[in-house]
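Common to both upcoming complexes is subunit A, partnered first by subunit B, then by subunit C.
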Partner chain A sequence: MLQRVVRQRTRVASGIAVAALILAGCAGNDEGSSSTDDICESADGDGPKIGLAFDVGGIGDQSFNDSAYAGLEQVVTDLDGSCTDVEAADGEDDAAREERLRQLADADHTIIIAVGFIYGAAVYNVAPDYPDINFGIIDGAPPEGVDLLTNVANIGFAANQGSFLVGAAAALTTQSDNVGFVGGLNIPLIQDFEMGFEAGVKEINPDIEIQSEYLSQDDAAEGFESPTNGETAATGMFDNGADVVFHAAGKSGLGVFDAAVAAGEGMWAIGVDSDQYLTASAEQKPHILTSMLKRVDTGVIEYVTGVADAVEAGGEAPNGFVTYDLSSDGVGYATSGDFLSQEIIDQLEDLKQQIIDGEIKVPTAF
Partner chain B sequence: MSTVVAAPQSTAPPASGRRRTRLWVSVWLLVGLLALATARVVADADDIDSTGTLRAGLVLAMPIALAGLGGLWSERAGVVNIGLEGMMILGTLGAGYYTYHFGVWVGLLGAIAFGAIGGVLHAVATIVFGVDHIVSGVAINIIAAGAAAFLAEVFFSGLEGGGPTQSPSLPEPPSFDVPVLAEASSDLAEKGWFLLSDAGSVVAALTNNMSVFTLLAFAALAGSGWLLWRTAFGLRLRSCGESPSSAETLGVNVYRYKFLAVTVSGMLAGFAGCYLAVVASSGYANGQTNGRGFIGLAAMIFGNWRPGGLLAGSLLFGYTDAARLRSGGESVHALLLILAVGLLLLAVWQVRRGHRTSAIVAIVAAVVVAVWFALTDAIPGDFTQMTPYVTTLLVLSLASQRLRMPAADGLRYRRGEAG
Partner chain C sequence: MNLLPRVGVGLAAPLLAIVVAGLVTSLVLIGVGDSVAEFWGVMFTVPSARLTVGIVNGASILYLSGLAAAVAFRMNLFNIGVEGQYRVATFAAAYFAGQALLPGYLNTVVTICVAMVVGAAWAGIAAILRVTRGVSEVISTIMLNAIAGGLVAYLLRELGDQQGQIRRTTTIPESSWVGGIPLIPGESSRVYGLAVLAVVAGIAFAVILNRTRFGFDLRATGRSETAAVASGVNVKRMVVSAMLLSGAVAGLIGMLDLFGNSHAYGSTIQVGVGFTGIAVALLGRNNPVGIALGALVFAFLSAQSNALGIEAGISPEIVAVTQGVIVLSVVIAYEVVRRYQVRIEQRDVARALERDRAREAGALS
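Up next is the complex of A and B:
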């Protein structure tokens, strides 16, 4: 008898639980529809048919993926093409990525762009089976021991050059002659940011102390998706005397901004990839000195345009390593917030020109 | 450092065993502090026990301690709760949604309610339907991760500063400084005096910028200790985890107690998620628990299914995590010195107990660690990252001989089945 009572009660309880979830879902629905007008739902031109495979995070990460999407949106409109974009799942493996790429390929897309270095192995497995399709990997590189393919382009960005400039900006801003760098994963892709940053700081003043910390060696979730870790590391740097901290740590970087806010006035953080001042919260904004821009959108636009031109003219599509640097505006720095004085901007522009002219060689991790 | 706080308060005169435990806790605290102070001075690693490191350690430890406390409630009533991770994920989501719309306090309640949903689910599956506890727990982890990813997209897409995988920045719960003590201890901590400044650091970490949520977490730990070990209710609940059929013969409604315990377990895991999203971080993000629920479970085992013990385990993990995230190479390098000395003491102890082989192993390990310490200035990142896990594993393996789980933990219970 009592057991039946327990059962009845649990039935009621689980009913309430389900109802709560449904209600919560409905409540959220009213306001969540503004950013879902996907260009790929409406575009149906006769131009190139582009497939875009997102990295974990997908549209709305306010960084990497959004930037790729912005490029896609522009290029599809410009070339009157059509497109399909697909999201990735948390913690999936190479087989799942491969399957996603094969689906895009089998659906007759002529250009397929995979967003993120994590697609490297998958693309190099799939591409040989589809020699007529051009594949681009943002931040890509062939897996160890695999040769380059003529239909795969590894789209890279000279992150070291952009980081050099924000490093110089940090050195020109610091009052304590102490700056910091927070990296997500200790891999060459991120070390490239650190090396550029360090060189930029030293270019201005070799005596400035640079604190450097990586959030993780091999766990992408701990490295790129943990604001908690970012905040802990950056708070340590501010405690130890830094007054400008640059991050290359994806979402973990939001914690770096929070650390700057907590550290108080005159404490700066430098954003990465996109102009993070624009997406930061109101209390973070006064602390975001600048952002190192990695123009993934430019990369997508340039690559797709390059392939389209090649197809039309019968030439060879971009392949191998394609790097966008300061000279092609593939990287740069942001001035939103007007925290960089005209004097500093002039100096940065001067340095930028010297890098483009080859007078300054920025060290790289590759 | 603050294990004492979690010790159950009692109005009755403490038994001699309890007094001895308190004595041991103080001795261990002093030894730990002395070790840190020595390592700080010898290895010249100022950040090893700076106020900032200790505070960061406290913040990183609390979600783990709360999840572990959730596990304690459940397992003390005989239900293994491996679904803590999932309930914590639900907690982060609830905190994200309700804090954004209704503020910090409703956010906390929302997180607890979401966690409770996970707890009720686990209770229905394991207690009413007799599903294997591990199977149900794993299922909850998978369901929670999926549901959270889906609902996050529904909740946060298109909000200013939010996206399908993350909430906008959330307001932080109020925090406060303890008057006089906060400033005095901070001043002392900055003097750099041996031991005194280190003690000042500990006090400063506990009195400066203290989040109300941290206080609530301590209250939950102390309250659970009191409720489970000092009241008739607690005795009945624990009896369900030790010998449910005996409890049944004495008229305890075992189903009801188990159900309640597992639900509370989910609520605490929800609180843990809330703390993680709102205090330790600045909003909800997909995957932000990243295994902390499981670490909470490990902390609970480490703490021998007691609130004080699990707090100690969580603090150990939180502290080492903070130390490696802040000046990682340097601080962990200094910790090597403590490890070497600790191993040496272990060797001496093993010799006195007549265990020659383990003594030799300990001495060799001590020498290797000491040489490593002497020959380097900093530890490479690959090793600093492992510090929290290695430390926990080391202490756990040294302490595991004395652990005892509730006797009927994880067993299926059916009314009237006992002889």
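Up next is the complex of A and C:
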């Protein structure tokens, strides 16, 4: 009898262990990542050999990582180069990230791009050992007490400027004078979106109420990879009277779209990073007002081209902090779906010009 | 049953499980349309010196995690909360060490004690709920994991510093860092100095379990609570001690990386290691040597998976499938083996009875 109890409990434990592992496996990879039409499987030109290490979420997040991939695809074709793209595992430590970068370096890649700030420490550990390889980190910064390196570029985007414009678009669209913001992680990178969005809304109408929520304080997977979390947060906002919700939460944002669909006609979501109208499902499409474009693709293309030019001309490759803003089209907004009327677009273009000219100073978290 | 077949059976089951996992993984690869040959080619590449060091490091961390789960398992307690205990303890340790209240290695030693105490205390909550209110430790530790995540995030916000995009505790002073052990000559990457903690904990686990009164009581209670009570074991005290011990070991998990690499607790910390530990403990049958082998297998698979994307263009997540199937098939394999053993024992007993009866019949006639 007791033996049986022991055995049953063992089964319970193994069930839990297996479930935990399966969850770990599923979390990162539900939409066919090693897609067969991966550019890196066909490209074999003599140009730069580019290694791209994805952030958690990987290809198929329809946002940040996909935008990086789009840039890679373009630049590899343009420069007739070759490439390798690799995904990250959930919850891995810095040692695993470092190992990934070293393997890319050992495989003779001449340019290595790490997608996401999470690679910061790893890149600055690896780069000094490979002085001939150029490293770019999207949203990167050196860890505390570490100096900038001549072969590392921290590629940044003025997300606050783009968010300002979609904030204005939200304010011009809302009927209930109530809008929402869903952020993935509560870190300056994402706070920058929130601050820009808020300023954009207030620019149009200071009386509009803004609901704001972050999905996680410190867990990247909970913040950027959980559509369930995104849906819960956004549903709460729609229930509280919002009719436009902007997300800066990677893959979790897909849940924000679902919440807008569930909230019904006239309820809007605003996408982020890439033009999410293009990748949304048919039922989500009518709810995606616009997307704040953070042109990670532009960043990748500009950086790789910059390095290639420097190598050719014998100059210095881009390094230090490299920021792309409205003036260099590093950020912007999307008009797919034609939900923004011409009047709204005219107003947004006017605001955009004012920001570029420095007449409007958009607050930033940095 | 004599020793030899027992050892044979003990090895056959996990080996069988690994083979089955290999087959299932291959089937999945075929199903998705990836190359099976390339996958196994990459997985069975002899790891480079640097990767070997990485595997040893990964295995040491997993070993402590597996050990933490095993201590409780032996007592028939299911500490699903290793993850939470590890995170709370590592945060507390990182914060304490970052304050630099003590000089040099004294700081290191005391910090390790802090981690063990905090890990034990967090596990102790579940133990107290169990002995006083009868709350299942499975439920309470799962809940405590969620609370641990929130608590650490909150404290990190209150007490941590923002460094770039990452929020982390104050960096530990360099005098308290623990240097690496050069495992392979000529290779610059080192094994975590505190990997010795894993060795020490493994030996202590084996000695306490097999050579002390406490260990005997623990195993006895795990096998049969009523029998243990009858022989004078205080079961409540055993539950509390086993959970505290399990939590204390869980507290050690984060020390290797903390003193050897990260030097602070931040949002880039390794997560999920506490859950993987449960799988490793199951794979190793809660035996100190078995857990070490299980940890090595898991660390090997994870480390090799990094090259999958680079060399074969296969998503490394496939390795999580392999690991999951290994655990599942191990449990099934052991069950099959156990039934087989029971049948053999029954046959032996039946045969002995038969013989006795025949003898009695002979004596009567």
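Methods note: the second predicted complex is superposed on the first by the 331 of 366 C-alpha atoms of A that agree within 3 Å, B and C clash if a C-alpha of one lies under 4 Å from a C-alpha of the other, contacts with A are read in each partner's own complex, and residues count from 1 in each chain.
Quick note on the criterion: a contact is a pair of C-beta atoms (placed from the backbone, for glycine too) under 8 Å apart; a residue touches a chain by one contact, two chains touch by 3 or more.
In this text the structure is predicted, and so the values were computed from the model without any measurement.
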item	value
Partner chain(s) touched by A:Val86 [first = subunit B, second = subunit C, both, neither]	second
Which superposed partner A:Phe164 touches (first subunit B, second subunit C, both, neither)	neither
First (subunit B), second (subunit C), both or neither touched by A:Phe193	neither
First (subunit B), second (subunit C), both or neither touched by A:Ser216	both
First, second, both or neither for A:Gly58, with subunit B first and subunit C second	both
Partner chain(s) touched by A:Thr232 [first = subunit B, second = subunit C, both, neither]	first
Which of subunit B and subunit C A:Ala107 touches, first, second, both or neither	second
Touching partner for A:Phe117 - first (subunit B), second (subunit C), both, neither	second
Contacts of A:Glu41 with subunit B and subunit C, given as first, second, both or neither	second
Common interface residues of subunit A - those touching subunit B in one complex and subunit C in the other	2-3, 6-7, 10, 13-14, 17, 20-21, 24-25, 28-29, 32-34, 36, 58, 90-91, 186, 216-219, 221
Sites on subunit C touched by subunit A in the complex	32-34, 50-51, 54, 57-58, 73, 76, 78, 80, 138, 149, 152-154, 156-157, 161-167, 171, 222-226, 257, 261-262, 267-273, 275-276, 278-279, 282, 302-303, 305-307, 309-311, 313-317, 320-321, 323-324, 327-328, 330-331, 335
Contact set on subunit A toward subunit C in their complex	2-3, 6-7, 9-14, 16-18, 20-22, 24-25, 28-29, 32-34, 36, 38, 40-41, 51, 58, 84-87, 89-96, 99-100, 102-104, 107, 117-118, 120-121, 139-145, 185-189, 216-221
Contact footprint of subunit B on subunit A as seen in their complex	2-3, 6-7, 10, 13-14, 17, 20-21, 24-25, 28-29, 31-36, 57-62, 90-91, 186, 211, 213-219, 221-222, 225-229, 231-233, 235-237, 239-240, 251, 254-255, 258, 279-281, 283-284
Residue ranges of subunit B touching subunit A (in the complex, touch as defined)	47, 50, 52-53, 56, 59-60, 97, 113, 117, 120-121, 123-124, 127-128, 145, 147, 149, 151, 153-159, 161-166, 168-169, 253, 255-256, 259, 276, 280-283, 285-288, 290, 321-322, 325-328, 381-382, 385, 415
